[in-house]
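Consider the two complexes below, in which chain A is the common component and chain B and chain C are the respective partners.
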Partner chain A sequence: MSESAVKAAPAADVSVKAQNSQPVKAAGDAKDAKQTEGAAKDAKPAEGGDAPKKLSPAELKKQKAAEKQARRAQQKAAGPALKEQGSQQKDAQKQQKGSKQAPKDDKSRPIPVRRRPSQSSAPVTQTLKKEPKADAKQVGLFFGHLYSQPRKHSMAGASKDVHPAILALGLQYSSYTICGSTARMVAMLLAFKSLIASYQTPMGTSLSRHLIQLLGIQIEYLRDCRPYSITMGNAIRWLKDIIVKTDPSTPEIDAKRDLLDEIDMFIRERVTAADKLIRELAVTKILPGDVILTYASSSIVEQTLLEAHNAGISFSVIVVDSKPLFEGKTLARKLANAGLKVRYFLITGASHAIKDASKVFLGAHAMMSNGRLYSRVGTALVSMLANAQSLPVIVLCESIKFTEKVALDSIVGNEVAPAEELLSESERQNLLPLKNLLPKSHPASKEENDGEGSKPPVASDVLKWIDASKNLHHLQVLYDVTPAEYIDMVITEYGSLPPSSVPVVHRLRSEGEKQLFQ
Partner chain B sequence: MAPGVGLAPGLTSFLKSLKTSAADPSVEYLISLLKRRQIRNSRPCAIATAALISKVVGEFKGNDAARLLERIRQVGRRLTAAQPREVVVGNIVRRVLGLVREVVEDNVEEKLATGSDTGRSTPTQSQDLPSRPHLNSTISQMSPLRHAAIEPIETSAYASDMSDSTDLTKRPPLLTSHTSYAPSSAAPLVNSLFGLFSQPADSSTASTPTGPNSPDGRSTTHSLNLDRLVDLSRSQQYFDLKGEVMSGIMELQEELEQSDKQIADLAHEHIHANEIILTHTASTTVQKFLTKAAKNRKFTVVHAETYPHDNEATHEVLLTGRKQDAAGKTHDDDDKWKCLTELGIPVYVIPDSHVFAIMSRVNKVILATHTVLANGGLVAAGGAHLIAQAAKSHQTPVVVLSGVYKLSPVYPFDLDELIEYGNVGAVVPYEDGEFVDKVDVEHPLYDYVPADLVDLYITNLGGHAPSFLYRIVADHYRPEDTVL
Partner chain C sequence: MSIAPLSKELTMPDFDIVGAYRRILSEDSELTMPVAAIEALVEAIAASSVSTVAETLDLLSNLTSILKASIANPISLSAGTDLFQRYLITTLNRPAALNLGSNDDFKIIRNHLISNGNLFVERAKQSREKIASFGTSFIREGATILTNGGSRVVGALLRRAAESSTMRFKVIYVLSSSSSADAEGGRKTVADLRTHNVPVAVIPDSAVAYSLGKVDMVIVGAEGVVENGGIISRLGTYQMGLLAKSKGKPFYVVAESHKFVRLYPLNQFDLPIDQKILDFSISDDVKAVDGAKVAEDEGVADLGSSEPKHSAHTAANAVDFTPPDLISGIITESGVLTPSAVSEELIKIWF
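Coming up: the complex of A and B.
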């Protein structure tokens, strides 16, 4: 395993250069680990699928170290986009450390980074065990087509070709540590960068061909962790495009350097610069005395509001939020810390909140080609209310979020979230006393008769009751589609547009790209 | 006064204490319960108020309708002041007031009928008619003569009784009228004159025409002098005012108990097979309605959980099929109904933010309500407006289930007054001190849903368009009671 091939490419960005060196090491370690793992596999071919579970403690340590390093690199790299998850991430890391000190129990190997408001102390093993059961239960109303397989919350069973940086990223996706379509895309590109930096073309194949294959494996893993966002899809398509176009005759070092440069360029152009332009444009829409209402949390809305505040415009903000992610809480906290006057409502109070608002600013997950906004579930409700009150609804959205996909409703294309997230830990706790009231036919009430007082009820029991009662389902999706008529303006780096212009911009953009490379 | 032993203060403990304690301490107790929100939501409030009023009426001494009205009104005023947003309390009080008026009216009418039959003092009536239509003549023809003849002993007893109590209420004209005419068996003219003078002091609302209120099409002339008749009844001891009012209250209490069942009986007319029905909060009425329909229809329920104020109750109802605090233990047997899931109805719980996303596939929205207002709008648990508006934009019919007792004669002139704000700690826990400190967190418990977002009301009387509600209001309340 010679590391000589990876000479930190002369990246344009200084910070990027700093990040590159770490993942290289990490990758080296991981490769070592993989080799031995491969040997182990040879010895027990029957247990190929379980191979990762049979690692020796030493190997485990190595692999974990590698992940940790990769994760650190990522945290640094993702920079501003990740800041909002800062505290959460720290928690996750703390937990991880805790798990390391604990005796190495190979059975419960998955790293318990999965930490979210709805699940604070429930042991991870339990959730893992439950997942197949949830599948057995009839799923999802008319969302059945969206339930493919439960989200992956561990690295167990991941292909050995998955880069450690990607492994870590996947876990961050599935635990919502990295959340928000732009943040996810940037984090993914940065992970790809470390992949490319440590990449070596095997003998007898070309970089463009093999790298694309390798990329496919990474993407598949990421998708298992959480279905990828529109932005990620756009970025992946773009990246594959430039990899394919790499001249096979260029030396590997040069080709890799070019790729890394391209990625940096892409991030700078499509995200950093775009955000700046949108921010500047959107700030002009905020007038003194305005009350800006926003839903959940969008990094670009946050930047805009902060910039307007720094520019000395006096206005106040209403943040409307909803369970289970409570993203708006983070936004409200940050705005309040910056000195803005912030009011905070949950979605059930939205009709009261909207009465006091003068403008609505929304972030986007994606803009569909039919002018509809695909965004965090609940956005449609807020824009509907605003529309009913004749308030302007302004969407802030980088053009990387434009897609040629169309959507009529929120059902055909959506992402299902694990149903158990619907009940937070404290809610489960509060529901516990109901045990004696459960109907006679319910399995849980019989169970109680068997082992009375043997163990105190645990909060996660509530989930079991719900699982067991065969007609009760909890349903959760992550996005909804806002009709175009509710949206008055879309602000992108190209300027302010009506939603009907989305396909035009998308087309111009993609044509421009094509021309660029021809 | 003391709450029941080992019971958390609430409806159950109140009903228990009502059995032992007197009316006045019970009033105080209910006021404190209402103020502390230990009795909340429409049904418990209605049950408690009805029970209290029946106690108040039961302990009322004398047969003086005006004083009974005043007594009930005074209790009602205090109760509504204790918790103005539980509109149902006022509704029940108004219903009882209307009841008293009706009892008096009925009896007077009967009296009138018998009076004209016997032909007594018909000449005076016809003489008076041109100048002062009907009013004085009725009174003069009616009163002391007859009752003095029938029950002379009882009358005097009542009269002395009343003179004492009227003293307390400080209404000199009435006092004089009583003492002057009651013992003397023949002074019809004096009585009528006093009645004339005492009228404005008695009730200022009497001047409003009450014509459209008489539910069974009683002649307007009679209802016009309603308040006069009430005065009159003071001297008319020939009927059992208290007994009739009490039985009326019993009927009202029965209605409270039966309304869910009656509404549920209409379920088959409104739910067809394989529907997808969206509902919200943990409403007993809605659950019973759906359960009834589930007995022989198959449909799907999508349930918005109404976070953060009703979510736990929602999960509770869906898991166990009943609400603990709904009617307390006394009604346990009634409240046992099989939960929907037991009946094979798939129930999908969704967070409130999903309403718009799901609405395009929903066939019908069924809303529970807190209060229905006279203009057809309603006050319901937070999130109801979102649901109704989303339904409107998807052209999905919105059905509101509500007992008639939730129907209020109040018009929503000031919406903010009707909305109650709840514990902020449920939105952001107080452990997050920094956040609570810097950010203005709000937690409105109720939403106002305008009438144009509702397609149909189903009450225990049947289905109505929102535009028709004013009629039902007019049938159940007297305009003179609208302001307590």
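Coming up: the complex of A and C.
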């Protein structure tokens, strides 16, 4: 590598940091963007060391005001009974060292004071350090450590280096438009492809160095939109690896073309071809007369069921689904449209549904190295029910979903989604931005009254509880962990395995990759 | 088969693979089905005039499918043929690894294969003794062992234990009254053990639960060890496993590692063979069903097999699947494995 490149690299580093620091400060609050921008400039010199702790005076002021306001609002809502607790909370909030920000951010996390973490796009590590203290006390339960920062629902405050394709993708992630770990990974790789296609190495740096940094920015933005999946993590690690290994002497055009080819090949090999093999294997496990039960929606399960149906096997399907994503609805509709006999249950009826089933097919978010399945919350319940009925539980899973991590429970590692998603549609309407500025008693949502006469009071009751009650938490986790003993078989592109063989295959796979690169 | 270049293979199936297989099995009563299959395949390749890698593999897969089709229950056999096929593919694709010189000299490779195939057969025979020596350490002084069927590995293990003069133990042997080859083998083992001064009680299948209170450990043989670590074994093994588990008795399987088969049954009815054990009927006429079965099997007759084919469909020769959670350990010639380690062994072979 030439010396100039080496020298230039730190410079690039600084510039990246500077760009980064802006969104950290500018946060999501578009209204105050100008103010905070100034603040960010102030803060910049301190960026090196313990930057995360430091906040500009303007921000501190804003936060204090916000806290006061929020406290007042809460006391108002809760009534006199909560006043003493209010003072307690004051202390608690002081301990937070002003980690909080104004409550009325872009998409407004209007409800509880305790649920109003900072909206900044600061790296998770920063917020992780501060938040748990607050949340452990306020969010309570066992899941306090999972609240890092709320999901980003807008492009506001994104670094200018984030590629437009990535910007769009992030929003699709946060709104569940692209959902499912494989789909998210493929969409991400495709977005990276357009990033690479339009990429130009700046003067005085090398592609492998600069592109990695650029990727880091994209990934950070995506992670702010929604924490990334195991598959995305695996794909990112792989991509970074091949970028780093790009020979600096390769002409840029060639290097880019190679990268694009590699990504295409990766998708083809690890997803398209793998899916085909899994489908072929899994179809042999569907016998005429079977009743296949599946939970939520997995693309590979859907493909398998459709392929078996097209192969002329007569079987029926039970789709068990749950609030709030209702992914199973789409699956049930697709299967029914294809001519399959489908029954649709909510998870509350799973114990009944399982009695009619003869096999359970599950998709996966990830397979842990202790053979446990990490998948949509509710999967563990379904597989335990199936196990109690001694039904075979079959997991369909590409090997890209294998991870060297282990999980003993669903508490240590999980993804917390915005809890409002748990509420019904009408309740959520109450949570629309600015609605909370109105007094709670105000008949804010007239449109609800059109529906059912009795509904609106109920809905507002729920909100009142959530708002006012100190010890009522609502929580939405996205995943759970199914113990290996409830899983009979894992079908991967390498064949069918018992869950205990997941780490073996993962090891062989990564060893193979290492050899490939040596 | 109609393509001209394949004419050589067309002549090759003339080699009576099924006959060779049956002859090898009957010549040496100590041989297991997979080993006999491998030996027959080696013989076939030796007798053939194949001159390329592709031809060899074609010939092999042809012969294998003929062989499999001729046997009522090809699970055990397929363990051997699959293993041999895999071995051939890996060695033929990497001839350099054999240090046999240039790639072109296929004759040398072939000779190497044939001699190695024989080596495999020799090793397989020795493995039973190795298992016996591993297994005897599981038998404690004064123990009572429950076993079933006519497994030769189990027989070898018990004999080895009996021959070591220091150890005294009793055996409860589950034997059906049928005259199947399996039961015959079992009776032979019983007689053999009794001559070695081992007290043996012979009980019917129905007395397993009754006797279990007196039992310290269960040792069974297996026809095949499947991918998830479960076993396919003679009918009745599954219920022994269930009962042993419910009484907390250790349940050990002895099997040579060439019985590891690439198969993953989910339950009893997910085996790749068609067993008519559950035969719902409203008439008492059992014979009529048997007649129908003979008709089904007629496809085998034109393979020139004069020997009456064993019907695996009847309960006497049927098999069941014992899931891995009932098994405490699998004793193989390469060591004692937990059921979950079987999958790792298979992955090592097949990846």
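Criterion: the second predicted complex is superposed on the first by the 340 of 518 C-alpha atoms of A that agree within 3 Å, B and C clash if a C-alpha of one lies under 4 Å from a C-alpha of the other, contacts with A are read in each partner's own complex, and residues count from 1 in each chain.
Note that contacts are C-beta pairs under 8 Å (C-beta built on N, C-alpha and C of every residue); 3 or more make two chains touch, one makes a residue touch a chain.
Not measured: the values here are computed from a predicted model.
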Three-chain arrangement built on chain A, chain B and chain C clash or fit: fit
Partner chain in contact with A:V504 - chain B first, chain C second, else both or neither: second
Who does A:I411 touch here: chain B (first), chain C (second), both, or neither? first
A:M203 in the overlay: touching chain B, chain C, both, or neither? Say first, second, both or neither. neither
Considering only touches as defined above, state whether A:K285 meets chain B (first), chain C (second), both or neither. second
In this superposed model, does chain C or chain B come into contact with more residues of chain A? B
What does the superposition give for the shortest Cα distance from chain B to chain C, in Å? 17
Pick out the shared contact residues on chain A: the ones touching chain B in one complex and chain C in the other. none
Would you tell me which residues of chain C are touching chain A in their complex? 227-229, 262, 264, 266-267, 270, 324-325, 340, 343-344, 347, 350-351
Give every residue of chain B touching chain A within the complex, in rising order. 276, 300, 302, 305-309, 311-312, 315-316, 318-322, 324, 338-342, 344-358, 360-361, 381-383, 385-386, 389-390, 393, 419, 427-428, 434-435, 438-444, 447
Within the complex, which stretch of chain A touches chain B? 138, 140-142, 319, 322-324, 329, 332-333, 336-337, 341-353, 377-378, 380-381, 384-385, 388, 409-411, 414, 422-423, 427, 430-431, 434, 437-439, 441, 465-466, 469-477, 479-481
Can you list the residues on chain A that touch chain C in the complex? 285, 359, 392, 394, 485, 488-489, 494-498, 500-501, 504-505, 508
